[in-house]
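Pasting the structures here.
What follows is chain A paired twice: with chain B in the first complex and chain C in the second.
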Partner chain A sequence: MVATHFIGKLRKFEKWFGIVAGVLIAVGLYTGLVTSSPDYYQGEVVRIMYIHVPFAQTAMLAYSSLFLCSIWYLWKRESVVDNACHAAAGLSLFFTAGGLLTGSIWGKPTWNAWWVWDPRLTSFAIMFLTLVGYLMLRTFLDDKEKRATFSAILAIIGFIDLPIIHFSVEWWRSLHQPLSVSTRGVSIAPDMLIPFTLMSFGVGLLFTYMLMVRTQMLYLEHLLEAKQGRLLNEGQG
Partner chain B sequence: MRAFYIRWVILLAIFGGIAGLGGLRYIREVKTISPKDVMAQSSVAGVRLMGMIEAGSFIKALAGEPFRFNLSEKGEKVAVVFSGEDTDSLLRELKTIVVVGRWDREAGVFHASEIALVPNYGFITSAYVFSLVPLGFFLFYMERRVALLYVMIKEEKAYQAETGQ
Partner chain C sequence: MHFFSVIRWIAWKDLLSEYRNRENISSMFFFALNVILIFSFSFSLDPVTIKEIMPGIIWVAFGFTAIIGLGKSFLIEVNNDCMEYFQTLPVPKGAIYLGKFLGNLLFMLTVEVILFPLFVLFFNLDILDQLLPLLLISAVATIGLSALGTLFSALTVQVRAREVMFPILLLPLSVPIFIGAVEATRGALSGDAFSMYSHWIELLLVFDVIFVIVSFWIFEFILDY
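Let's look at the complex of A and B:
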């Protein structure tokens, strides 16, 4: 009943997240690619910021969701929560790969290198590898309970990397630029701040929407598998 | 499923439209031409010319005088006269830059009023295509899969969705 209630809530609210995310991303892309001005130092290339930073932020948001889901699973032991963890991990891997790829494309014209072993980039790559490891671990274990428990523990351990990613530009001398928007203030031009903010919130909400859809997908796949398995057993019996 | 496909066609039209507007802005404000292309044109204003400042051609402006240099690409070169100020020190030999101004075919001189950085727009396009196209495919696959699963589940009568009362 908990699972049915949970999935029912996701179905009820998902479309609003999807609509708001779609509107924010559409307006963000329009302002970012059409109306905002080029940067004083970087020129047109600064437009990559409007896709790279939201992807990187969302990758970290997705990993934070995975971390919370994992704690929730270890506490409640609900299989639908494990579905949500699995969904968050897949999405986190997608956005992390997107962040790495767009960052690499941005690095070439600005740093003249596709990749450097900078603390921010390296710690972000570690998050990517942790997520690959997490998804591999899930495929290795057949027992549902063990799979959910061990992967939740791995996700919680891997969370150590997130503060390292966030503070890496302050703790070490880094080629990567420091935070443009922080508690110390905003170091970004107003006409760049509009698409940046719209895209950040838009991609973040899109992740939330995708998490809701993917959780349903995994839950329904398991439900169908279980139903078909029962029918098969009944047929054999 | 029909409503699902209609929604996706509308989404593609909206985001295709935004990409089209971005493309128009690129043609209007960013696209550059080479020295070879500019020499083939008759005298025209509002041209964005890209090339490398030829070694040995750069003459620094004295007080009240313009900068003079040749912009070259693939063996073709154009004499450029820039009457503005190089506040960002963009002008130096062997540097690839963009100059904006008027091409005087009779005199064989390009009169530049602005200088700008190389746009590198290929990197911008790649970043957006490599991130948003897979995102679109991923989202489409998931939504379609969930819609189909609900149909299959309904047929199997394995799940009864709550009405949200």
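Let's look at the complex of A and C:
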């Protein structure tokens, strides 16, 4: 009952998230890539920021939602929540890979290296490996409940480990530029801030939309498998 | 059965069975010996290079021996159908985790204590002045490695391809242990003052405390299956 209610809500709201995300990303990309001014130091290269930073932020958002869904699953044991975990993990991997790739492309002209052992980069690389491990663990477990529980445990452990990883690498070496937008204020030109904000919200909403659609897909797959199982049992009976 | 006696008996059982069959300890020891020999063939043994690369060599050897040893920690329980017994024990399941963790920790420390003189021997290290800090670093890093390794051993023992999954899950998440241990060992081997690298030991301690507590709490969910 809870699952059908939950899926019903997702079906009802998903398209609005998709539409708003599409509009924000379209306007954000136009203002970011066409109308905003190039950076004083970095020139045109800075425009990759409008893709890279929203991807990296959304990867964090996706991993946080995986963490919250995992806790929710261990608490309530609803299979639809496990579907949401699975969906969030795949999307988190996608956005993490996107963040790493665009960061690497940005790193070459600005740091003159495709890769450096910087705290944020290393944390993201380890997050990427953890997510690959998470999805592999899911494929190697056949029992549904065991798969859901074990992968939730791994997601929680991985999430708790992230700040420690970040902290350890920060002590080890640091090169990344400080955050441009933080609680201490904004250090970014206004005509760059508008596309940047639009893209951040747009990609965030795109993730939410993808999460809603993917969760429904996985839930339907789950229902189909259950139905096939029942038919098989009836056939044998 | 009392909470603490469960911890004690499980740790004691693991150590005793390892003492009797010596299966794990011999494979770990010979693996680490191979690592030491290969590294000593590969690098020139001048004192400057040795100080630079030694912490990495030590923790590669300890890390990989940990994978061999810890990965099998719960296999013996599954093979002997002991998991069902663990599930029915009338104590918080975290006690079983703490028992296995303690057994693994003592076992790993024993292997490290045996291996350390070999590093000194093959690489001509002069560590007498720094012996206490080095033992402390080994202990705090091994606590973290055993805490995470014991949990992942229980998690992967029921998974297909567990030999592949155990290092895939353990290695990325134990990165802070390796960074902390290597940097602290580098400080100790270079003869720096303790205060110059003590922050790494503090980081390792934070990791240890967090993961022992989290694993203790989360172990119940693993043992339910």
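In this section, the second predicted complex is superposed on the first by the 223 of 237 C-alpha atoms of A that agree within 3 Å, B and C clash if a C-alpha of one lies under 4 Å from a C-alpha of the other, contacts with A are read in each partner's own complex, and residues count from 1 in each chain.
FYI, a contact is a pair of C-beta atoms (placed from the backbone, for glycine too) under 8 Å apart; a residue touches a chain by one contact, two chains touch by 3 or more.
From a predicted model like this one, the values you see are computed outputs, not experimental measurements.
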| item | value |
| --- | --- |
| Touched partner set for A:43, first chain B, second chain C, both or neither | first |
| First, second, both or neither for A:130, with chain B first and chain C second | second |
| Larger contact residue set on chain A - chain B or chain C | B |
| Partner chain(s) touched by A:11 [first = chain B, second = chain C, both, neither] | first |
| Partner chain(s) touched by A:114 [first = chain B, second = chain C, both, neither] | neither |
| Partner chain in contact with A:75 - chain B first, chain C second, else both or neither | neither |
| Contacts of A:224 with chain B and chain C, given as first, second, both or neither | first |
| Contact residues of chain A, present in both the chain B and the chain C interface | none |
| Of all residues in chain B, those that touch chain A in their complex | 11, 14-15, 18-19, 21-22, 25, 30, 88, 116-121, 123-124, 126-128, 130-132, 134-135, 138-139, 142-143, 145-146, 149-150, 152-153, 156, 158-164 |
| Residues on chain A engaged by chain C in the complex (per definition of touch) | 74, 122, 126, 129-130, 132-133, 136-137, 140-143, 145-146, 149-150, 152-154, 156-158, 160-161, 164-165, 167-169, 171-172 |
| Chain B-touching residues of chain A, taken from the complex the two chains share | 4-5, 7-9, 11-12, 22, 26, 29-30, 33-34, 38, 40, 42-45, 47-48, 51-52, 55, 94, 98, 101-102, 105-106, 108-109, 206, 210, 213-214, 216-217, 220-221, 223-224, 226-228 |
| Of chain C, residues touching chain A in the complex | 148, 151, 155-156, 158-161, 165, 168-169, 171-173, 175-176, 179-180, 183, 199-200, 203, 206-207, 210-211, 214-215, 218, 221-222, 224-225 |
